[in-house]
Structures are given as structure tokens and as C-alpha cells.
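Shared between the two complexes below is chain A, which has chain B as its partner in the first and chain C in the second.
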Partner chain A sequence: MSKLIILLVLTPMITTFLLSITAIPHKVEQKELMIIRTILSLSGFSVLFILLFLCASDMLSGEVYRYSLGGWDALSGIVLQLDILSFCIAVLSVVVCFFALVYSFTFMEHMRGLGKFDAFFFLMITGIMGVLVSRDIFNMYVFFEIVNISVYVLITTGRKKENYKASLKYLILESISSILFLLAVGIIYSTIGSLNMDYIAEGISLLRIEQPSLIILLFSLFFVSLGLKFGVVPLHFWLPDSYFAAPSPVSTVQSGIVSKIGIYAMIRILSLFGTLPSDMNYFIAVMGAMTIITGTLCALVQTDIKRMLAYSSINQIGVIIIGLGIGNPIAMKGALFHIMNHALAKAGLFLCAGILIHTRGTRKISGMKFKDSPGLTLSFILLSLSIIGIPPLNGFVSKLIICYGAIGAHFSEFTFIIFFSSILSSVYYFRVIQTFFPKHEKKALTPDVHVSTSTLLPIYILAIMCLLLGLFPDTALRIIDIIVEVIL
Partner chain B sequence: MTLLITTVFLVPLLGTMLLMFFPLKKLQYVSVPCALYSCIILCAYIPEGIHGFTHTILIWMNPLEFTILIDKLALLITLVMSVLFTTVLVFASHMKNRKFHMLILLNFSVLLLSIFSQSLLGFYICIEMAAVITYFLIIHKKTPQSINAGLIYFIFNITGAILILLSIIIRTELPSIAARLFIIGCLIKAGFAPFHIWLARAHPVAPSPVSALLSGIMVKVSIYGIIRFAPTFTVDISLLLIIALLSMLLGVFSALLQSDIKKILAYHTVSQIGFILLGISLMSDTGEIGGLLHLVNHALFKGLLFLCAGAIIYATGTRNLHELGGLAKHMPIPAVACLVGSLAISGIPPFNGYVSKCILYEASPSGYISLIFSITCAGTVASFIKLYWHTFMGSSGKKPPQRAIPFSMKMALLVLSGLCIITGIFAQHILSLVGYQIEIHVWNTAHIPQIALNIGLGVLLYGIGMKSSLIVHPPQIRLSIDRFYQVSGDAVEYAGKKFHDILLQDINYYALTIVFVLAAIYILFSL
Partner chain C sequence: MNLINGISIGLILILIGFFGISTRKNIIKIILSLNICFMGIILFYISIAYVEGGTIPVLGPFEPIDIVDPLPHALMLTTAVVELSTTALALALVMKVYEKYETLNVREMKL
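The block that comes next holds the complex of A and B.
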């Protein structure tokens, strides 16, 4: 069964190759090519779903799959590992990516025409799966590079001047992040002599007494490089621009999944350091608090809906980082649950924003005119209530759990920051929601824009998932309990 | 038998589902029976409820199990709630909007659950849900003003709710701060004096049935929260006396200056909940029962008055007092109902306001408290002379009634007027039926001088107002408290803009920042 792991990476990789073949100039009709691409990407996703389903029962019972490539031993070879944490995030990623792709079928025809979009989309999934399964810190770096490059290309598919500008910014800052990561990997390899995480953890616990300053250097390198990836303030500069400029399905995946992959890597790397000293824990939580405050205040003054959502992502990532920083099992549980909730809700919101921008013909929050669509309105309201953290939606449950964790660790100041940011979040989300309601004259509507059901369906499913997770979080929390036991 | 109690809130929920998924024509045939059902079941629980019992049901949320607690307090408030919701739904049965009926039924169900909840967390969850639902009820007309007011309502209410949530979380860690946060949260949600901005904005623009519910029920739920949960915190309630007195005075004098019918009623809500809080903060048994009775009575007569206003607006299409006049001969039933409501709120026997105000007056110590009490009562009298005279009496105004009000509205008004009289005369019996034993000595001549004084002062105040034309052309006074909220909102926005500008720079600054942060972290932990 453990050979399934390698298939998780290979399936999207093979799909990428097949899709890139369709992008070479052919004598085949454009329409037939589109159908071929659709079939290829759907079959790629269905194989991924089947693979994850096959792993599911073993993973949920707490088992760990290990697979070493080429039969080398773990000290020098490449080891792939799938445990329940990476499994859960893999499921989340595949689901969100699937919705984003389904959404892009009708919405991005002109961009998908070249075949570039689909191919790089699957390359990105390859990278994500690779980061999730690699137990080897250098491989993690390589797969991160794959994710970065494919996201860079995906941002440019919008083909406007601002897209190129934002993607260049993204590329440069992400390469700085990668260089720092590589530097840390190099230091680890030269001092410990292995790249496998199990050996590194042992090595670090020995080094802690001998060379404490080296540990601090490693910590700061990892924190800055990963912080750049998920956008901790003050390292978040690229984030609003690239979320803003990217086409909606791409910003959905960026906000929903790519930033979460950074957090996943952070969880893995932090576990290498063993139990952190309390001042480092506090430091991480303070960075989270800064992220929340900046994200909230900046989101409040945005006039553009996608920039507003981008800053709101920064805000929510701050909540997750506080959970990680506090680091006791309860807060960890809340943080993991919040990763899931934020991925689902924010993905839904970015998809909604795409439709709103498309139908209203403007990105400005004020001055939007909107053709009435009750389903979309209701989903937008549910998803934003989930982000704000209003019961009975899932965002409330995870924020509450993080706060109980903070109280358990005697960090009560963070509960205030989390919930005061909720108040301000409600202000900027309701500023968007209230534009749904005024009655407009008939001529203000744009009648030629048609939103098909297949575009709306992903949004409906995400909204319903948020509601169900909020009403019955038991199942999800039970799985997260197992994760917390495994990683702590 | 305990299972039956869950149907009290499940049936309205079922009604909501029915309205949501089936395209029914006659909406009122679903919504009214659902509310009536809850009302009847609650009445059936009276003999059992006065001894108090609990019933645990497991709903959602891993750490949370929902325990239903039914005792005399919960029973009294839910009874009033179900009566008011039923009459309001009857009143609103001419409205053909599916969403409106659906949201009201859903709100009913959630609010019932909030009263039944034994734990503070359950209470919080329900009132937060109710706040979201009420937001959509307030913006129901979809005019720019109502959308604006809805946002203000929502921000204030979510702030209040989140303060309550914070108090739940930090209550073991920082008990004294938690207690303060809880009380402030409840005060914001109830719309007491420094926080009454949302109340004054939201009531006039909401549809009249919704204003009746807002004033009659939603505001009361937060006061119920103080009564029920404040004793579990270590907090001195008597400090609330100042807020109570401030609300009483501010509410009544702001009301005197308004010319919008619903705004007048909204400001009177501020002043009347001041009476309720006064009773609670006196910390005596009589005070508490007086406050509770006034809570019930206020729900009834303020509901009645808002529905009257709704009938007037339905018929004439205006809210401005000075465009109305002489409506009594066109609309006799609203005129009678409005008279009953006005007399009740002014505290004139034999209506229910008189009983509760008498109990409160007896409970309050003489001195400045009873002085303010009398001034507020006189102001109330003056303001309702103004309201009643300018709408129903006098010469006919610019806007005569254009359409007749439907039978369902008249019925709702008559039922509520009847209840105002019944709860006035049989106050003691009703209280003892629900389990509150108190001897009420209000039906004697001892109070007549006081009432005569109040009425006299009220008439005098009205006369002065008319002479100096303050009532017809009220001065535009912008209260400084309004400006305070404006300024704090601007400050947050300014901070956001500055923050945003500072962080938005050229790409080489970013590279520099990265290096700087790296160095800073290293140095921080090396020290």
C-alpha cells in the first residue's frame, strides 16, 4: 500500500505532461482540444481522489506510510512519508483545486485556450503533493520551487500589465524565500549530515547544547523564508498584489491552498526543533497578532474587492499563526481546524468575487451593480460569516478553540486581538454584503452576462460544507485530535 | 413530557423550512400557527415550569452540550415573546414577502432557544445568530437609509456580542475584567444611553412589525442576560444605577425633540429600558420584580404602539408627525389602541404601565432618584400628548389616509390593547401564576397625587413646548456622543490608510525589510 504515495505525486505529473502535449500546435480543431483537456484534467482528479480514498481508512486509524525511493536507507536516500496530517491537507488541496478547475472551465475559456493554464495547474498540484509527502527537507525545497514557478506562470495567464508586474514581484520575493530556505538546508546538511527529518530532529536536539546560536540562526532562516511564503507581516508585500492581479481561480488556490502549504511546512519544521522555549512560542504568537492587526486595518480601507479579500486572508493567517505559536494541544487543534475552515471559506469567497467582478463589470466595492441571484448572495453571506467567526459557522468554532488554547497557556491578550479583529472584519465584509441589496433600475443591469450552474455549483458546495462543519464539527475535530496526537 | 418542550422552538424552525422550500401562496397560514403553537405549549408548561426543570439535548459543537433550563423567569419571558411574535405575525399577514415571514419565524426560534439556554455560551451563540437575522429584517425595505442603519445596528450588536464572548473565555483567567466586559456587552446590545445610537437609527427605518419586535423582544433579551447571568460573575450591579438614570433622562428628552413617529417611540424605548435597569440595579426584591414586570409590560405596550405606528404609516404613507392629524375619525381602532398604549406608557391607571411604575417608584429610594423618576414620567406624558394629539386629534393634516387597514391589523391591535388592560388589572394574579409571589398595593388612592403631579407637569411641559414652538420646529441638536463614534470610526480608517501606505513601497525596500527582519530575529534570540 505504501507505493500509493509515489502515485500521489506521479499522477498529477503525468497529467501535466499529457496536457502540455496538447499545448503544442496541432492540426486538431480547437474545440476538440478543449474537450481532450477537460477529459484529461477530470481523469487526473478522479485518479487522485481514488488514491486518497484508498489511503483513507489506514490514515484515519493513525497509520503512517513510508516509502524510500530506490531502496536506499533513510540516512542518505529519499524517503516519502504520508501521515494523517499530510493526508488531510492533501484531501483539502485536491478538493479546493478541483473546485477551482471546475469553476475555470466556463469562466476562463480564453485563458485555457492555449493549454498553458491546465498544464501549469497540474504542475502546481504536483508540487503541492510533493511538499506534502516528502520527508526529506531538500525535496521539500525542490517541490516548493515547482509550486512557485507554476503559480508564477498561472498569475500571468490574466495577460494584463498588472498581472506581469505582480507575477514578477511574486517571483523575486519567492526566490529570496527559497534561497533562505536552501541556505538553512545547507547549514543543516553540513552540521548534521542528513536531510531526513527524523535524523535532523535528533541532530538538532544534540546541537541545542553544543551550538545554541546555530539553532537560532536556523530558526530565523526558516521563519523568514516560510513567513514569506504564507505572508506574515512584515513579509506579506507580494501577497495582496498577486492575489489581486491573478485570475480568480488562481487566487482561490493561492489563498486557499498555497499559503496553507507554507503553514504545513512550518508545522513540520517547528516539530524538528522539539519543544520550543517559551519566548520563541511567544514570539511566533506576537508575529501572528501583528499579522492580524495589519491585515484587519488594511482590509478596512480597501476599495477593491479582491484586495480586501487578500488582506482578509492575511488577517486569518495571523489567527492560524497565533494558534501555532501558542503550541499547546488545544490551540494546535484550533489552528489545524482553522486551516481547513479558512481554506474552504476563502476559496468560496474568491470564486464569488470572480463572478461578482465578471457580472458587475467592476472591481470596486462601491458602485457595483448586481443582477439578483439569491443563491450566490446567500453563499457569499454564509462564507463571509464563517470568516468573521459568527456562530453557527465553522470559523467560530475554530477561533473559539484557539482562544481556549490561549487561555490555557495564559496568553489571554491574544483572545482580545482575535475577537476585536472579528468586529472589524464584520465591518468590511458587510460593506460588501450591503451592496447586494439596493434596488437598481433595470437598465443598470448587465443582461448579457450569464452565469452557468456549473460555475455556481462549487460555491454552493463550499458554503454548505462551511455550514455543516459549523453545525457538526465533531467528525472533523475527532480527526484533528488524531493529528495533534501524532505531531505533538 | 420534557420532549414536548423542544417542539416549542422546533415547530417555528419547521415552519421556516416549509416556507423556504415550498412556494406557498398563503404565508400567514404557516407562520401564525407555528407561533401560536409555541404560545399554547408554553402556557401548558406553566404549572410545571414554576418549580423549574432542566432538559439536556445534545446539539452540535464538540465542547458544547445544550441544556434547556426552564424556570419561572424563562417561562415569563418566553410567554411574552411568543404572544408578541404571534400578534406581530398576525399584523404582518398582509405582507406577501416569503423571506420576511421566514426570517421572523427563524428569529423566533433562535430567541426562544437563547432564553432557554442554561449556559452563557449557548446564550451567546443564539443572540449572535439572532443579531444576524435581525440585520436582514432591518434592511428589508432596501432603501439606502435602512441599509445604512442596518450596518450600524450590526456593528454595535456584534461588538456587544463579542464582548460577551470574551467575558466567557477569560472568566477564569481575569474574572473582574470578564464581569465588566459582560455587563458592557449586554448594555450595548440592549441600547442603553451611551450606546443607544443603533437603536435610534434602526427603529425608524425597519418595517413596523420588525421595530415592534426589536423594541419589544430583542432589546429585552440582553436585559434578560443581565438578570440571568450577571450573578454568576462577581460584579456589583448597583453601579448600573447611573446608566439607568442617564438612559431615562436622555431617552425622554431626545424623544420630545423628534417629529418622526417611530423615532419618538425608539427614544422612549431607551428611556423605558432605563426604568427596567433601575429596578434591577436597586438590588431589592421589589425592585427586581418591578423591573421584570416593567419588562413584560413594556414589551406589550411598546409592541402595541409600534404596530399602531405601522398602521398609520400603512394608511397614510408618512412617518412625519406634522403631516398627520385628525386620523381618529378615519381610523377608530388604531386611535383607541394608540390611546391605550399611550396611557400605559405614561403610567396612568388602570393600564399595565401604572402597576410596574408604581412598584418601581416604591422601591426606589427618595431623593434624586425619585426626582429623576418623576421628571421622566412627566416627559413621557408630554411626549405622548404630542404624539397622540398631532396624529389622531386636531385638524386633518396634509396626508389623509389613502387606504383602509386590513382586518388582520385591527385584530392584532385589539389583542394587544386587551392584554395591556388585563396585565394591568390582574398583574398580581399573572405574576403568581408564573411563580412570583408579591403583594401589590397599587390599587389605592395614595398614588393619585403623584400621578396628578406627573400629568400636570407633562401638560405644562407640552404647553411650554408648543408656546416656544420647540415641538413644531425642533432645534437640530447633534449629540456629541454621535460625533464620538464618528471620530473613532474615522480614526480607525485613518490608521488603516496610513498603515497601508507605509507598507506599500518599492520592491527593493521589501528585500531590505526581509534582511532586516532576519537580522532582528537572530539578534532578538541571541541576546
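The block that comes next holds the complex of A and C.
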């Protein structure tokens, strides 16, 4: 069964190559090519779902799959490992990527003409799966680069002026992040002599007594490099531009999954360092608090809907970092649950924003009042209430658990910050929600652009998932309990 | 111990690259600075593997202590390929940006 791991990486890779064949100029009609691409991508996703389903029962009982590539021993070879943490994030990413692709079937029709979009979308999934299963730290870097390169190309599919600029900015900053990551990996290899995470964890526990300053250097290199990937506050400046410029399905995946992959790598790296000294924990939590405050205050003044959602992402990532920083099992549980909730809810919101921009013809929040379809209105309200953290929804549950953890670790000032950011989040989300309800019914404009059902369906499903996770969080929390037991 | 070795030169190259990225205004010079950084990384890794008086890592009548560690070289081949593709993509993007904004100065590219 452990050979399934390699298939998880290979399936999207093979789909990428098959899809890129359809991008070569053919004599086949454009319409037939579209159908071929749709069938190929749907079959790629169905194989991925089947593979994940086959792993599910073993994973949920806490088993770990290992596979060493080429039969090399773990000291110098590449080991792939699938445990319950990577399995859960893999399921989450495949679900969100599936919804984003289904949405883009109709929404991005004009941009998908060249076949570039689908091929690079699957290349990105290859990279995501690779990061999730690799146990070798250098291999993780290589798969991160695959994710990044495909995201650079995906951002440019909007073909506007700002797309190219945002893509270039993202490219330069992610290259800096890779340089720092590689430097840290090099230092690890020269001192410990292996790139496998199990050996690194052992080596670091020995080094802690001999060379504590080296540990601090390694930690800060990893923190800055991964912080650039998920946008911790002094390093967040590329994020609003790239989420703003990218086409909506791409910013959905960027905010929902690609930033979460950075956080996943952070969890793995933190587990290498063992139990951190409490001032280090406090430092991470303070960075999270700064991220929350900056994200909230910047989101308040935005006039553009996608920029506002981008700053709101920064805000929620701060909540997750506080949960990781506090470091006791309860807060960790909250942080993992918040990763899931934020991925689902923010993905839905970015998809909604795409439709709103399309039908209203403007990116500005204020201005004309519109009467959108009731389904879209209801799901936008549900998803934004979930991000704010209003009781019957899932965002509330995870924020509450993080607050419990913070009080348990005597870091109660962070509960205040999370509470404060929730109140201010409601201010900027309600600014969007009020445009759905025009004061004078007759003067309101009804959008004349038709939105097809396949575009709206992913949003409905995401909203229903948020509601169900909020009403019945027990099942998800039980799985997260197993994760916390495995990684701590 | 000699201070002028591959590791220190590699680190200095990385710092020169960072200086270039943060001070240059021309986008092509920024990309060249990134390349200098990656060169520094490659030199750093190759110097980690270096063994004084070591020979090539091919099977032969050597003691295991005499050979240069081959793993960092293999890693750096991968990094060189990644860097090549990133640079190629970056230059393609620069072409597009120049087409749209008609400038290569990063300060003059307003949204």
C-alpha cells in the first residue's frame, strides 16, 4: 500500500503532460480540444480522489506510509512519507483545487483557450502533493519551486498589465525565500550530514547543547524563508498585489492552499526543533499578533474587494501563527482546524469575488447597489460570517480553541487581539454585505450577465461545508486530535 | 584555518546578491543579482563537500575518507536547473512588462 504515495505525485504529473499535449497547435477544433481538456482534468482529479480514499482508512487509524525512492537507505536517499497530517492537508488541497478548476471551466473560458491554464494548474497540484509527502528537506525545496513556477505562470493568465508586474514581484521574492531555505539546508547538511527529517531532528537535539547559537540561526533562516511564503507581517508586501492581480480561481488557490502549504512546512520544521524555549514561542506568537493587527487595519481602508480579501487572508494567517506559536496541544489543535476553515471559507469568498467583479463590472466595494442572486448573497454572507467567527460557523470554533490554548499557556493578551480582530473583520465584511441590500429596491441594478450553475455550485458546496463543520465539529476535531498526537 | 575558502566566498556572494536586489532599480540587474545569489549558494554547497586532497567519487582503490562527498554536487545540479528555469521565466516576464509599461525601472511601474 505504501506505493500509493508515489502515485499521489505521479498522477497530477502525468495529467500535466497529457494536458500540455493539447496546447500544441492542432488541426482539431477548439471546441473539441476544450472537451478533451475537461475530460482529462476531471479524470486526473477522480484518480487523485480514489487514491486518497484508498489511503483513508489506514491514515485515520494513525498508520504511516513510507517509501524510499530507488531503494536507497534513508541517510542519503529520498524518503516519501504520508502521515495523517499530510493526508488531511492533501485532501483539503485536492478538494479546493477541484472546486477552483470546476469554477474556471466556465469563468475562465477565454483564458483557457491556450491550454496553458489547465496544464500549469495540474503542475501546481504535483508540487503541492510533493511538498506534502516528501520527508527529505531538499526534496521539499524542489517541490516548492515547482509550485512557485506554476503559480508565476498562472498569475499571468489574466494577461493584464498588473498581472505581469505582480508575477515578476512574486518571482523575485520567492527566489529570495528559496535562497534562504537553501542556505539553511546547506548548514544542516554540513553539521548533521543528512537531509532526512528524522535524522535532522536527532541531530538538532544533540546540537542544542553544543551549539545553541547555530540552532537560533537555523530557526531564523527557516522562519524568514517560510514567512515570505505565507506572508508574516514584515514580509507580507507582495501578497496583496499578487492576490489582487491574479484571476479569481488562481487567487483562490493561492490564498486557500499555497499559503497553507507554507504553514504545513512550518509545522514540519517546528517539529524538527522539538520543544522550543518559551521565549521563542512568545516571539512566534508576537509575530502572529503583528500580522493580525496589520492585516485587520489595512483591510479596513481598502476600496477594492480582492485587495480587502487579501488583507483579510493576512489577518487569518496571523491567527494560525498565534496558534502554532503558543505550541501547547490545544492551541495546535485550533491552528490546524483554522487552517482547514480558512482554506474552505476564503476559497469560497475569492470565488464569490470573481463572480461579483464579473457581474458588477467593477472591483470597487462602494458605489452602485446591485441585486445579486439570492444563492450568491446567502453563501457570501455565510462564508464571511465564518471568517469573522460568528457562533454557528466553523471559524468561531477554531478561534475559540486557539483562545483556550492561549489562556492555558498564560498568553492571555493574544485572546484579546484575536477578539479585537474579529470585531474589526466584521466591519470590513459588512461593508461588502450591505451592497447586496439596496435601500431603494427600484433603483437597484440587476446584473445582466448570466452566471452559469457550474460556476455557482462550488460556492454553494463550500458554504454548506462551512456550515456543517460549524454545526458538527466533532468528527473533524477527532481527526485533528490524532494529528496532534502524532506530530507533538 | 584559512579564512578565504569556498564557504566564506559563497556567503559574500550571497550578500552581494542581496545588496544588488535591494538597491538596483533596473529589473534586469535585479534578476542578475538573484543569479549571483544562486552562484553563492552553489559555491557554498560545493565547498561543504570538499575534502582536503580528496579525489573524485568514483569506485576505486581509495579509502572512503579520500573521496569528495558527491551528494551536494547532485543537489546543486538540481538547484542549477531550477535556477535556469526561474531565470528564463523571469526574462520572459521582463519582456512582457517592458511591452506593457515601456520601462525597465521598477520605481516607474505604477499599477
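Throughout what follows, the second predicted complex is superposed on the first by the 475 of 488 C-alpha atoms of A that agree within 3 Å, B and C clash if a C-alpha of one lies under 4 Å from a C-alpha of the other, contacts with A are read in each partner's own complex, and residues count from 1 in each chain.
In this section, a contact is a pair of C-beta atoms (placed from the backbone, for glycine too) under 8 Å apart; a residue touches a chain by one contact, two chains touch by 3 or more.
These figures come from a predicted structure and were not determined experimentally.
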Contacts of A:116 with chain B and chain C, given as first, second, both or neither: neither
Where does A:149 make contact in the superposed view: on chain B (first), on chain C (second), on both, or on neither? second
When both partners are placed on the shared chain, which of chain B and chain C touches more of chain A: B
Quick one: classify A:190 as touching chain B (first), chain C (second), both or neither. second
Should A:237 be classified as contacting the first partner (chain B), the second (chain C), both, or neither? first
Per the contact definition in the header, classify A:358: touching chain B only (first), chain C only (second), both, or neither. neither
Once chain A of both complexes is superposed, is A:208 in touch with chain B (first), chain C (second), both, or neither? neither
Once the shared chain is lined up, is A:217 touching chain B (first), chain C (second), both, or neither of them? first
Does chain B (first) or chain C (second) touch A:280, or do both, or does neither? first
Dual-contact residues of chain A, meaning touching chain B and chain C, are 172, 176
Show which residues of chain C lie in contact with chain A when the two form their complex. 14, 17-18, 21, 27, 30-31, 34, 37-38, 41, 44-45, 48, 71-72, 75, 78-79, 82, 85-86, 89-90, 93-94, 96-97, 100-101, 109, 111
Touching residues on chain A, where the partner in the complex is chain C: 76, 138, 142, 145, 149, 152-153, 156, 161-162, 164-165, 167-168, 171-172, 175-176, 178-179, 182-183, 186, 189-190
The answer for chain B against chain A in the complex is residues 60-63, 124-125, 128-129, 132, 135, 139, 142-144, 147, 150-151, 154-155, 158-159, 162, 165-166, 169-170, 172-174, 492-493, 495-497, 499-500, 503, 505, 507, 510-511, 513-514, 517-518, 521-522, 524-526
Chain A - residues contacting chain B, complex: 169, 172-173, 176, 180, 213, 216-217, 219-221, 223-224, 227-228, 233-238, 279-280, 283, 294, 297-302, 385, 388, 390-392, 397, 400-401, 403-404, 407, 410, 412, 415-416, 419-420, 422-424, 426-427, 430-431, 434, 437-439, 470-474, 477
